[in-house]
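Letters A, B, C and D name the chains as they come in the text, with residue numbers starting at 1 for each one.
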């Protein structure tokens, strides 16, 4: 179980491995999308052209086909490439896959997975880079996943494929090529469980995808200044692991949520609202959000890089939180370090 | 300015009046959508078939046409009928109208209004009734409006039509036929200003659309029990009037957000997050949200009616908030009434 | 079923008409919600559905009563659904607009106009990959054919060889807009050729003609495992949704189509042929009336869903 | 412009080629971002754009360099945009994928494949309602023609009489998928007829043929104020996006089209006709090279946007 003994794999490779393993395990799993067969010749070779298909360039019918197939015996995985392209498939995902189980009184299930990449790192601009995961968290009947490590990507994708509900599986484009340890074999990671990436008593940093790394980096710097940050990686955005969030929030009394997606009605808002309701009594400072701005992402590299919150900003926010003369003074525990 | 002397008008009529007035004022304003000309013969008679058009049944091209026209000299208002149909127009609204100003470095503006009805009251089920306003609040470049009174509907629609940005104008279907006082003449109501519908010192109820009425009803009942609730009607969901929300929150120290839309990543989450950050020091109780469930809306009348929060639930939540033995005890002001 | 029994067809069409007129009446008395009726289109539904076997799957839309009843749906459970009762096919959650009945092979009904077209290819893909003789029939309107999904669906079905029979019920109206305002041509079959999809247009008010065309189409799809487009030219005799005074409808056009009522027409033809027994028409009407009384009684006796149903069936 | 000056066309095509090859080289040196080049498609861009007047508006997509340069865009400002510099046409916010240049009448570029088709009708509507002689030209690929928006756009343009010239640049590829895998036919003109839209298909690698067809098409749209569909049959000689090793491309097909390179072909034809002066080719190449040196110098000297640009230009 230690990282050293495990094979290293990129997130992209972990996803490929999960796909291959699940297709091997279950003959009803199939995959299609624009260029899927071209880009995954290994899967075509092993499973044949019927189960790994290129499609016409039309996200709506790709998603609708997945929903129709899912309800009638197949378990499709579709690759819609970049998150903004989901805009063409909203009816099929939200109105059909998300609602027709309910509206039919439970007659159908939609075991399907929608892959989409998102986030900065490629300089491609807002029509390829727009973090819209919150839309799907807001919509009923869907589950939403966004991993930060190759191991999680593999385990969560396997769980998503086995789940009987439509799962939106977002990959952060900035993380695709970074290697990480991935356990061999059939490690399925249940949806809905956050991971505490680092323990700490002074402040809880809640994040997902690339922002987990940002928070870990910030936590390292904070530790140098005597502040122990706990880093919670949500992994599943829906179901959301309220318990882990609240356990940490109640312990530290200070919460900063960090993500690349825009602020308004984002995941950070949801986490802040949960904390403000359910950990209110234990809070010692305002709940802070560090997020992308209410703006489209630019292509220009420096602007793109500035879009997502950076470690410096997290450090600064935490120090503000820890050191702020609380409007409503609270008893600081004796051991709480004062920032330098 | 008193209600008695003003003409009474339904929200639907107020919208018609605003459309006619703005089309009269500005020859570049035009309107189109499925059945728009059929349903608005008065506008056709006055402004002609070129400015009031029926369209083919295709929301995507309707919205795209609006965006293209808006960027090149016209000010289109489009009626996309029911909010779930927006799913077919997400690319045009989000990726084009919302982003192409930014991506072009400010070369284009998109003065357009998108009308859509939403919410329960018609028993039509989740493919006609789905409150997705939060999606657009989350998306850059757009404004979002959702009025609760005929007067606001008229004033806000006039402002929306004059705004140089794309404005999503949601009407709550349950409110369309209820009359209310509407000032005569050119009363433009700027976007981004909430209204305090009722003043009160003990708790702030934040709501919009039909939930404003729910909160006012709850406030009446609460007053009978000695609790003075302040009711804030957001009206504009984006820009959101943080100042009015915070002023009230800081005054009362207790906030309950109420809306029909589903909870996760909804407007309530945003309001709660804002309050938990910026009014933290004045909060005397957990911020509560009363919202629709994470479920599609059913057609069956009793289920539909149970979807949106009801006055009873608001009263109960407020009493819980006011009376709760705060986990972190606060000094209650002497005059704070204890609920019966 | 390759030979249509016209008496059975008349019975079924009469039942559909009675069902929808009953709902209209109940709506007038505020005992049922408004619905999108298919009055005037019964021949299209019965003619096509009677050409299918039990293995075939149907997708339909907001105007589905004819398809469901032609497939053998229980009018009581349909009515219960429209009334939002737990005894409905969808436990009352759907209401009239998205009724599916999996046990009858009527799957994934969507009231998003175009939704059924996007789902149909997926159902066709399951049929193609999981084997069997069954084909998929997707009913949609002339309005839906204006959505780009119509083309995306035809194209994918053609490229992937999916056994989908597309049935465009061209009833001349798209809610409150006449088809003429939304297109330059008169119908949709011309769109099939560039996809290499065979197509046929048929008088949708003549159940025997529809049936014959549907048999040919179904047979073609079953044999070739490829799509086919059938267009039934018909007319929506009532408004879009009850209530609707049809004030926007041209009186002459309406009169023209009323004179072509598919039920009266069939009856007349059978009488002319001498194949309708003297009292048969009255018997058929009476049977339909009785069925409606039973249906209403069943539906009104069915309870509303339990409040817990607000959040059940969201996730599997 | 109804008569094409083939020398000017050669100059422009050479400039486009030089521009894109420069970007490829810069990308190799990590001095510029990757781009979608239009190498091999220069005749289509130049042939169509040279048939327009200054009143006409152009919509394009991710593969826009040819359209922009044919329209007279400054290579330096284009390159600055690709490099994300504030001197670019879009202040560096667009990067290569959505470059618009309003001053040149190149408006509302969308890299959502199909996006431009949905916007084009709106631009056409402004043209139709606000008067003037101008028409709208919408460039899109064979992939975009698989999106339902293609049909929705054609249909609305036909029904509303919008002066839109649709130009489908059928380059045989849709990113990593060959056109053959996504459609049953060979091209898209057959889809126009059911909308009553005239259409023509032309050898997209012959700039003179493209120009002649475009002149006819533009003239038709300008006169009738109705849409027209022009398809240019061409080939994407490089990969979808730099870098792309084209490992998935059939070598024979690539060789076939390389032999039909539009620039080499035009040069050869002009030489055969004796209308290309002895040193002209070299002069044209040298001029393009010089222009590129200047462009690179301009772009690299242009600063990155100010951090405040992160949130400027979001709202009007």
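Please note the rule applied: contacts are C-beta pairs under 8 Å (C-beta built on N, C-alpha and C of every residue); 3 or more make two chains touch, one makes a residue touch a chain.
Predicted model, so just to flag it, every value in this text is computed and none were measured.
A.B. asks: So which chains are sitting against chain C and chain D at once?
C.D. replies: The shared contacts of chain C and chain D, listed by label, come to A, B.
A.B. asks: Counting in whole Å, what is the centre-to-centre distance of chain A and chain C, each centre being its mean C-alpha position?
C.D. replies: That pair's centroid distance is 42 Å.
A.B. asks: At what distance in angstrom does the C-alpha mean of chain B lie from that of chain A?
C.D. replies: It comes to 29 Å between the two C-alpha centres.
A.B. asks: Between chain B and chain C, tell me the centre distance in angstrom, where each centre is the average of that chain's C-alpha atoms.
C.D. replies: Their C-alpha centroids are separated by 37 Å.
A.B. asks: For chain A, which residues are shared contacts with two or more other chains?
C.D. replies: Residue numbers touching two or more other chains: 55-56, 58, 60-61, 84, 87-88, 91, 95, 102-103, 125, 127, 140-141, 293-296, 298-299.
A.B. asks: Can you list the chain D residues in contact with two or more other chains?
C.D. replies: Residues 92-94, 98, 110, 112, 114-115, 146-149, 152, 155, 159, 181-183, 314 of chain D touch two or more partner chains.
A.B. asks: With chains as vertices and touches as edges, which is it: line, ring, star, complete or other?
C.D. replies: complete
A.B. asks: Touching residues of chain A toward chain D in the complex: what are they?
C.D. replies: Residues of chain A touching chain D: 34-35, 38-39, 54-58, 60-61, 84-85, 87-88, 123-125, 127-128, 293-296, 298-303, 306-307.
A.B. asks: Once bound in the complex, which stretches of chain C touch chain D?
C.D. replies: So the residues of chain C touching chain D come out as 146-152, 155, 158-159, 181-185, 188, 190-191, 193-196.
A.B. asks: Given the complex with chain A, which residues does chain B contribute to the contact?
C.D. replies: Residues in contact with chain A: 84, 86-88, 90-91, 94-95, 98-99, 102-103, 125-127, 130, 132, 134-135, 137-141, 238, 240, 261-262, 264-270, 272-273, 275-278, 280-283, 285-289, 293-296, 298-299, 326-328.
A.B. asks: Report the residues of chain B in contact with chain D in the complex, numbered from low to high.
C.D. replies: 28, 30, 50, 53, 55-56, 58, 60-61, 63-74, 76, 91-92, 95-96, 100-111, 140-141, 143, 164-165
A.B. asks: Provide the residue numbers of chain C that touch chain A in the complex, in ascending order.
C.D. replies: Per the touch definition, chain C meets chain A at residues 57, 59, 88-94, 98, 100-102, 107-110, 112, 114-115, 117-127, 129-130, 148-149, 152-153, 155-156, 159-160, 312-316.
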